[in-house]
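Chains here go by letter, A, B, C and D, matching the order in which they are written, and residues are numbered from 1 within each.
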Amino acid sequence: MTSLSDRQQLSYIASQAADARLNVELETEGMTLNIGPQHPATHGTLRIICRLDGEQVIWAEPSAGYMHRGYEKLTEVRTFPQVTTLVNRIDWLGSFANEVPFILASEKLMEIEAPERAQVIRTILFELSRIANVSLFLGDLGVQMGAITPVFLAFRDREYVLNLIEGATGGRFHPNFDRIGGLKDDLPKGWIEETRQVMVKLRGFCDIIEDLLFGNEIFQSRMRGIGIIPADVAKDYGLSGANLRASGVDYDLRRDQDIAMAWDKADWKVWTHPDGDAWARCWVRLQETRESCKIVEQLLDQIPAGPIMTKVPRIIKVPEGEAWVSTENPLGEMGYYVVSKGDLGPFRVKIRSASFNNISIVPWALQGVYVPDIITILASLYFILGDIDR
Amino acid sequence: MPDKPKVPGLFKGLGVTLGILKDTVVDGANTVQYPHEKEAPPIRARGVIALHEGNCTACMLCARSCPDWCIYIEGHKQLAPPRRAGGKPRQVNHLDRFDIDYALCMYCGICVEVCPFDALFWSPEYEYSEPKIADLLHDKEKLGEWMETVPEAPELEAGAQKK
Amino acid sequence: MIQLAIEIPYWGQSLLRVLGGLVAVLLPAGAIVYLFLFKMMSFMQSRLGPMEAGPYGSLQLVAEVGKWMQKEDLAPDAADKSIFKIAPIVVLLSTFLLVVVIPFGPDALFTDFEVGIFYALAVASISVLGILIAGWASASKYSLLGGLRAAGQLIAYELPMVLAVIGVVIQAGTMNLQQIVVAQNTGEIFGWGGIGNPYIFTQFIGFLIFMIAVQAELTQAPFDMPIAESELVSGYMTEYSGFRFLIFFIAEFATAGVFALLASVLFLGGWGIPFDWFGWTTVDSVDNWMNIGGPLIMFTKMLVLTFIIMWVRFSFPRFREDQLQTFAWKVLIPLALANTAVTAIFKVVF
Amino acid sequence: MDPLSDATDTDEQPAALPGDGLREGIVDDLRRRIGDAVLDTHISPNDDLWIRVRTDAWRQTAEALKAAGFTFFCFVSGLDWLPSPYGTGEQDPTVEREAPDTEIRQGVTGGETRFQVFARLVDLDRHVGVTIKADVPDEPFAVDSWSAVFAGANWHERETHEMFGIGFNGHPDLRNMYLPTDFEGYPLRKDFPLLARMIKPWPGIVDVEPMPAQDEAAPQPATGEEASDA
């Protein structure tokens, strides 16, 4: 890994911004370009207004809100089971991972804990939805950079993971499988064996993407040294997940907090990268996909026998109180601040989604950058529209 | 700017695509030619909701707990023959109308879970798209028809405790 | 020259030439689109590609043309109507002009130009004009950006293409394409004449540079900045639809086919197979059946070269255009000049 | 979870507090930095930490915590403690509803006003997070903006402003984040009606028509007439 020293990083940004300023003094007539809301590079309806000078961006500002469904208002009129179905539509690629923090927060309020077996199966499904989410990212990364083939491979291998999730939970995209106190059902027969085979396929997929994309010199020259985000700026903006770890911050919520899940049962490594550029972010995500495969394979052998659900009354009334739980979702740190006043539904749920913070750095990151690099930086930050707009 | 492109990286990429070409030619593509061959969805797939009319007592629990308000139920009370010979005729709810509007439904499955009399089941059927959106309002008979497509519940993985 | 049974009047010959030209351009384009864009690309992505239209999706091309024909051919109202309409024609024109000079057999050729290759390279740059006016006339930001990028790229890559061809011209000693083909099939490499002397061996660097330059001329994958889907939607072609987009589509693949034909003439020995396999010595002594065999051989060589072009197109991500320009000016052109110098020295010494 | 601390006991020192005392250390450190601005704290051992500060010390708290090591900005948002006058829209209109309770009860660390603004910061090295709350008084319906301290707060404050109407002094541009610029009203306030549930009648109203009375002359047809709402 080439580690660009801080001086190099800042000099690169300064030079880009300097060129942009120079052009402004020459009175060259700038052009305002709207990228989106209907655009192949934005994963959904995000609009980025950028003022260009030639091919360089002087000022860029994302304008979100085209997909705002008003989740926090909706949760106020729904009961707890209904909010679980609502909540896995926020990050629709890694959808099971959305339900888990909300359910953990409610369980913390009710001071109950899912049985051992449910915790392990929850962690396995959590990692499976991470693999489904990030494998699509790896394929889509190719399309953003212009290579057509990786996206088809991504969809092909992601299909196996989605079939697994559908086999266990019933829904490919919206499993709605998590309940306060455990899971809705147990795993069907033969599921564990099938998962093991799919994990082998997914490892193969990661190797193919590494050869096809990451090994490719054109790809490296497009990604290295672009969109460098130093660690303290990342922390200031609240970037989380692979974006933070790519700037050299060794922080992973799966390892750094004790939470009613089974990550501590498997031994796996948290990958970081010193550079903090677009390449580092994508490289860290590729290694994390491999780590997830490793976690799933190890946990598959450690599923204890036992019930899948603890004793929970049929009509759930969560006692009064406030709780905050956040987990390491595929996109970053997703957390729920659940305020309950003791009746059927939550009183207020603050949904802290990862992409909202990840995208708030775009105006800072896009200064003085070329037009194709806008797409590179956006692709490397990897956001999902539902996550930004909620 | 770009360091001189090292050759191996580029050619490894070419090798990969050629490899996939060979795989597709040798052991067939991963895609399924849909109208001719169909992929069977897993047993638990949530395709459509089937109604077992006999069990339904119009208790409206599913309609009340549906987040999208897409279940419409109407019924009336009537007398039913007594269970035991000499017994008093029972008052029972008779179901007149039980519609599920699949244009609104988000397939969350709360109604199937909450139904105390096991009248609603999931069936993995997925081919019921309609040219007109109004036809997505399935009435009692249509939901009855889906009943045969409801599969047996799969046995569970080893170590699972029977609920 | 071959003696035909009946004497074809002059207008008949020119009619034949027009039909021949159409076939020589559209047949490779159709074959490439079906074979490579539909089938090979799908197989490389572990899927089967179009299977519904006709057996094995063979009539997909007809369906495609039919679809584009019946689509409405609209132009944005702020567009500069006249040049907006003729832009695709200009791009297709350059392909037809280029095919005229390519020899397909001892007698099966349109014209026998003394300065064949010089004319071919000059005509190839007309398509740059077509792309530029398409970009400018569409009055949309994306097309403008696409057009400007295309102009910069195509001009930057014409230089290495021309320089790569000079190596071949020096070695063949003539600019007449027919003579180049003959030179390749009769000469021998350092005394061993087993398979003639296709210039791909002695001019390998020239061949590499020429293929990279062709990849850039066609705005294909590693160099498809002008049609960068993920940024400019589809560059200068964004505003086109219906019949005009069909012309652009055909032009794109016809140019790929014709450049592959040109490359096979320059580097793979064109329509000929080594003459002394059949005891031929000069062009006139070649048997008549080569007028049928020649085009077939050319077609297979063209398919081989297009396979490489498309293979690269489906596997590589995209250069950024400043990297692209640096690669052209700082790497390809010096390499081409060096290649020309070395060929000249060898020409003189041997 | 000990019961809601309604009395604003500032310095209750629970005897042998379970947990590693990390959070107590943070609270004491913060008290040293901003003195009596810390109004109320609530620690759930080994789990989470809530701090309520005076409104005018809101930005000062941010700077103090950032200096104390809480460099990771998590989020800023608002809370409206008024119970919703509309209920969940799933009531049977025929049944008379008991009067909706309008009594405002604040959450964990108490408070006086109906609106509160709350934020969360995380110290990545010590793996601990803190939730900071502050009341938002009615007349200067605003708090100081954090965007100078944490650049990430810019977007969060814009969203809180458009959803609750809370002003942020010193914020560079408080434009609407999600809603169209000319949108009136603040959606996340509890008294903002959720229109979707107002227009459509609730299908969950029990619609089982009662037994036809025995002495009624003409027995009603067994199938019962079509109910009104579709």
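Here is the rule we go by: a contact is a pair of C-beta atoms (placed from the backbone, for glycine too) under 8 Å apart; a residue touches a chain by one contact, two chains touch by 3 or more.
Keep in mind it's a predicted model, so treat the numbers as computed, not measured.
S.K.: Using the stated contact rule, I'd like to know whether A-C or A-B comes out ahead in C-beta pair count.
M.R.: A-B
S.K.: Based on Cα centres, what is the most central chain?
M.R.: A
S.K.: Please tell me the distance, in whole Å, between the geometric centres of chain A and chain C computed from their C-alpha atoms.
M.R.: Chain centroid spacing, chain A to chain C, equals 44 Å.
S.K.: Round to the nearest whole Å and give the separation of the Cα centres of chain A and chain B.
M.R.: 28
S.K.: Measure off the straight-line distance from the CA centroid of chain C to the CA centroid of chain D, and report it in whole Å.
M.R.: 66
S.K.: With chain centres defined as C-alpha means, what is the inter-centre distance between chain A and chain D in Å?
M.R.: So the centroids are 25 Å from each other.
S.K.: Residue numbers in chain C touching 2 or more other chains?
M.R.: 44-47, 314-316, 319, 322-323
S.K.: Note the residues in chain B that touch 2 or more other chains, in rising order.
M.R.: Answer for chain B, listing residues that touch two or more other chains: 1-2, 10, 13, 16-17, 20, 30, 65.
S.K.: Give me the residue numbers in chain A that touch at least two other chains, ranges are fine.
M.R.: In chain A, 78, 149, 153, 156, 212-213, 216, 218, 221 touch at least two other chains.
S.K.: For this structure, give each pair of chains that are touching.
M.R.: Applying the touch criterion to every chain pair yields A-B, A-C, A-D, B-C, B-D.
S.K.: Would you mind writing out the residues of chain A in touch with chain C in their complex?
M.R.: Contacts found on chain A: 31, 33, 35, 39-41, 55, 142-149, 152-153, 156, 212-213, 216, 218-219, 221-222, 370-375.
S.K.: Of all residues in chain B, which touch chain A in the complex?
M.R.: The touching residues are 1-3, 5-6, 8-10, 12-13, 15-17, 20, 30, 41-46, 65, 67, 106-110, 113, 122, 154-161, 163.
S.K.: Would you tell me which residues of chain D are touching chain A in their complex?
M.R.: 1, 4, 46-48, 50, 71-75, 77, 79-80, 83-84, 88-90, 105, 107-108, 118, 120, 124, 127, 129, 131, 150-152, 154-156, 163, 176-179, 187-188, 190, 192, 194, 197
S.K.: Help me check something: in the complex, which residues belonging to chain C touch chain B?
M.R.: Against chain B, chain C makes touches at 40, 42-48, 51, 311-312, 314-316, 319, 322-323, 326-327, 331.
S.K.: Where on chain C does chain A make contact in their complex?
M.R.: These residues of chain C touch chain A: 41, 44-47, 141, 145, 221-222, 224-225, 228-231, 233, 314-323.
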